[in-house]
Amino acid sequence: MSHIHIPDGVLPVWLWLGGWVVAAAIVWLASARSGGVDVRRKVPLVGVMAALMLVAMSSEIVPIAYHINLTVVAGVLLGPQLSIVAAFVVQVVLALLGHGGVTVIGLNTLMTASEMLFGWMLFRGLITVLGPRRVGLASGVATVVTLALATTMLVGLVAVSGVGAATVRETGALDPQNLTFAAPFSDSIFSVGLFSGGERSSSPAVPVRRFATIVYTLGPLGWLIEALVTAAVLSYIARVRPSLIFEGALTPARQALPGDEHGRH
Amino acid sequence: MDIAVVDRSAVSGNSTLHGAATGAKLIAFSLVLAAVVVSTNLFVVLTITIVLLAAVAALRLPARSMLPLAAYPAVFAAVFAFASAPDALAASLIIAKAVTAALASVTLMFTTPYPQVFAALQRVTPGLVGDTLLMTYRAIFILADKLGDLTRAVRLRSGLSTGHPVRAARATTRALGGLLLYSLDLAQREYDVLVLRGYSGRLRVALRPSRSRAADSAIIVVAFMLLCLAALWRIYWIRLISYSWILLAVALVGLGVALASRRRT
Amino acid sequence: MALRSQTPDHIHPDDPTAEEVVRISCVRHTYEDGTSVHLCGLDFVAHRGKRVAVLGPNGAGKTTMLYHILGLLKPQEGAVSVFGVSPAEQWATIRRRVGVMLQNVDEQIISPTVGDDVAFSPRQYGLPETEVRERVNRVLKLLGIEELADRVPHNLSGGEKRKVALAGALVMDPELLVLDEPFEGLDPTSRQGLLDLLEHLSHERGMTVVLTTHDIDAVPEFADYAYVLAPGGTIALRGTPAEVFANAKVLADGNIKPPILAELFSRLRERDASAPEMALTIEDAAEALEGWKRRSLLPETPQ
């Protein structure tokens, strides 16, 4: 939901480099523990979810410049370990498509992955409390809470980075146009050479407090839409293929009926 | 979009790019991508686009299949640009960057059989990530294909155009669920076959001998020059900005020559 | 071995010492939607060098059975053993010895050219490139499709794709060949070619072949043994094709139409008790009918 749309060279080096290091470490950990057959079996699921997040991001639902990201759906289906891998792959492909910078792959991976993890944990918790029949409710609530948390993380990131919110755009909501693409390069460490040019920043950095006010007031609309979509999709899957949701991501695959074996027995 | 179209072009094409060593193409691709990432000048980005287009034209690559694929990211770049860019110029830049990066990827995939590309990628990525990247690449085509089928089916059955947004939204999400499960089964079968036939997370390919060392070097040199131009215009943009049109003009002349030579022969 | 009383007890191999390549004992698999396939009743056994056909109506679990042999499904109950190990757990140790052609060959051809596709397995197993080339050429020749090597699989006809997939399955010279509906979409010449090839492979190389098919008429020609699955997966019948097709009741329960010759002979028997025994190949049938005619022309044949 909230991957950071920042061109390269906006964030301070320690921040994006730190993001890369941490992301690389957890991706490596997630990958290194993947020797088992059962994890390997899930690779098509991870691939499809990554591709689905990419395709969903490119399909607008309503003409308010809002696109769904399906991070909670993916998180619930993939579980923690595979979510990390999927998040990384999504960000790499996005970067290859020029959508977001290369330096921010690390931070974006962390954001997307934590969103998926939050979603997964909350959903699991709520299902335990509410019972397995309330998939729609559980996933809706999990989505809203997850997105609220993710937004808070984003605000925190903006505060920490010290570059001002002008560079950060929360994609889930209908944003006012003052959250601009243009970057105040002069404020960042990369104020020289390669990274100081091109766009003139047309608006001054928005103070963190104002940024927070904006995303917390406009965000909920986006959260709600995403929650409705997530609830609908997960309820559908719970009805048609429950094991994907209830058996946890790493249980052995129980496949759909293969080949010609459709029909009642 | 059928993945077979990409495969067919990659294998049966006979151009200089087809004959070049995979390594050279990957290096050139990274350089072009870096040029796009570095660039903040619309004219420079368009220059890169046109150089790529000229190559497509001169080498008689199947432009009719390639261009729609390359234009695809423009859809979601446009969403982002619409909401966040301060002015039309910045918005164009965002879209141009996305399309150019995609055009570079598409050119690579249309001239190189995918196992060659992924064998190289998997050498430098952790096991599960490389594995997932391959599956994501295959799944994007499956999904895009099925999404088209499904929206058509939904439109036929409930009618997105009836002016009932709620009903339309419900039909869309149901379609999304169906799409997800279908794609999952297909991806699962595809992966099963890979595993049955000996795949275990690393594609192995026979090295394709380069047809001409000179062509390999030429490709890399051109790509490197593009990166140098992009970097120059980024660093000395104040002094160079008024000469940006020269790059574009030269590139356009190149494209014209390519098109003309194509028509003649 | 627990055997049902109504089925004749075959000491399965003609050679009791023959090695068991595949054995499935009472495997149960429950799918998402609650449908359950219970491959039980009789054990499924395939011995080295034998050709085994699995028959059954749609949805009986034929493909499920093959997926268990290939380790794609893990038995929730019961046991599967291929070359003495559980395929779901140790597929990596046996996969070089198993060749597979699944039903949808389109999904099975994964490389951008025919040559590369056939070379996929040997390359994955790390064979040197010269050996890979040699194996590919050999198997393409065996199937008579050398001229396809540089083609893009997508443009091939259905029958050609099937041959390419089969070449990919045979390239490692497997000891066990598993085929799901291999005759589907083949023209009569290709079908006969495949039948001859399978016979050659099992006789000359001792390859074990397990296949599922709807092509009942191919079974007598092809199979050393046949298994019949009843709906739900119960292994209802097994034996040589002649033994299986003689059991009209079980076949009818399983919704299987016997081969046309089998039906012809049982009809003749119903009408005329002097009709000959069932013959399942054209050759045998012609001979039997000729003998019958000769006998009926001779008035009062002694005995």
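Labels for the chains are A, B and C, by order of writing; each one numbers its residues from 1.
One rule holds for everything that comes next: contacts are C-beta pairs under 8 Å (C-beta built on N, C-alpha and C of every residue); 3 or more make two chains touch, one makes a residue touch a chain.
Every value quoted in this text rests on a predicted model; they were computed, and no experiment measured them.
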- Per-chain C-alpha mean nearest global C-alpha mean belongs to chain B
- Note on the structure: Per contact tally, chains sharing the most pairs are A-B
- Message: Centre to centre, using CA atoms, which chain is the farthest one from chain A?
- Response: C
- Task: State, to the nearest whole Å, the distance from the C-alpha centre of chain A to the C-alpha centre of chain B.
- Result: 22
- Please compute the C-alpha centroid of chain B, do the same for chain C, then give the distance between them in whole Å. 44
- Query: In whole angstrom, how far does the Cα centroid of chain A sit from the Cα centroid of chain C?
  - Reply: 48
- Mark out which residues of chain B touch at least two other chains, giving numbers and ranges. 189-190, 195, 200
- Message: Multi-chain contacts only, two chains or more: what residues does chain A have there?
- Response: 240-241, 255-256, 258
- Message: Quick check: what residues of chain C touch more than one other chain, meaning two or more?
- Response: 72, 91, 102, 104
- Message: Considering only the defined contacts, which chain B positions touch chain A in the complex?
- Response: 33, 36-41, 72-73, 75-77, 79-87, 90, 93-94, 97-102, 105, 126-129, 131-140, 142-144, 147, 165, 169-170, 172-174, 176-181, 183-185, 187-191, 195, 200-201, 231, 233-235, 237-238
- Item | Interface residues, chain A side, partner chain C - complex | 37, 240-243, 252, 254-265
- Residues of chain C touching chain A in the complex: 30-33, 35-37, 58-64, 67, 72-74, 89, 91, 102-104, 180-181, 231-233
- Query: So in the complex, which bits of chain B are touching chain C?
  - Reply: 4, 7-8, 10-12, 113-115, 186, 189-190, 192-200, 203-206
- Show which residues of chain C lie in contact with chain B when the two form their complex. 70, 72, 91-92, 95-96, 98, 100, 102, 104, 107-108, 110-113, 116, 119-121, 123-126, 129, 132, 152, 154-155, 168
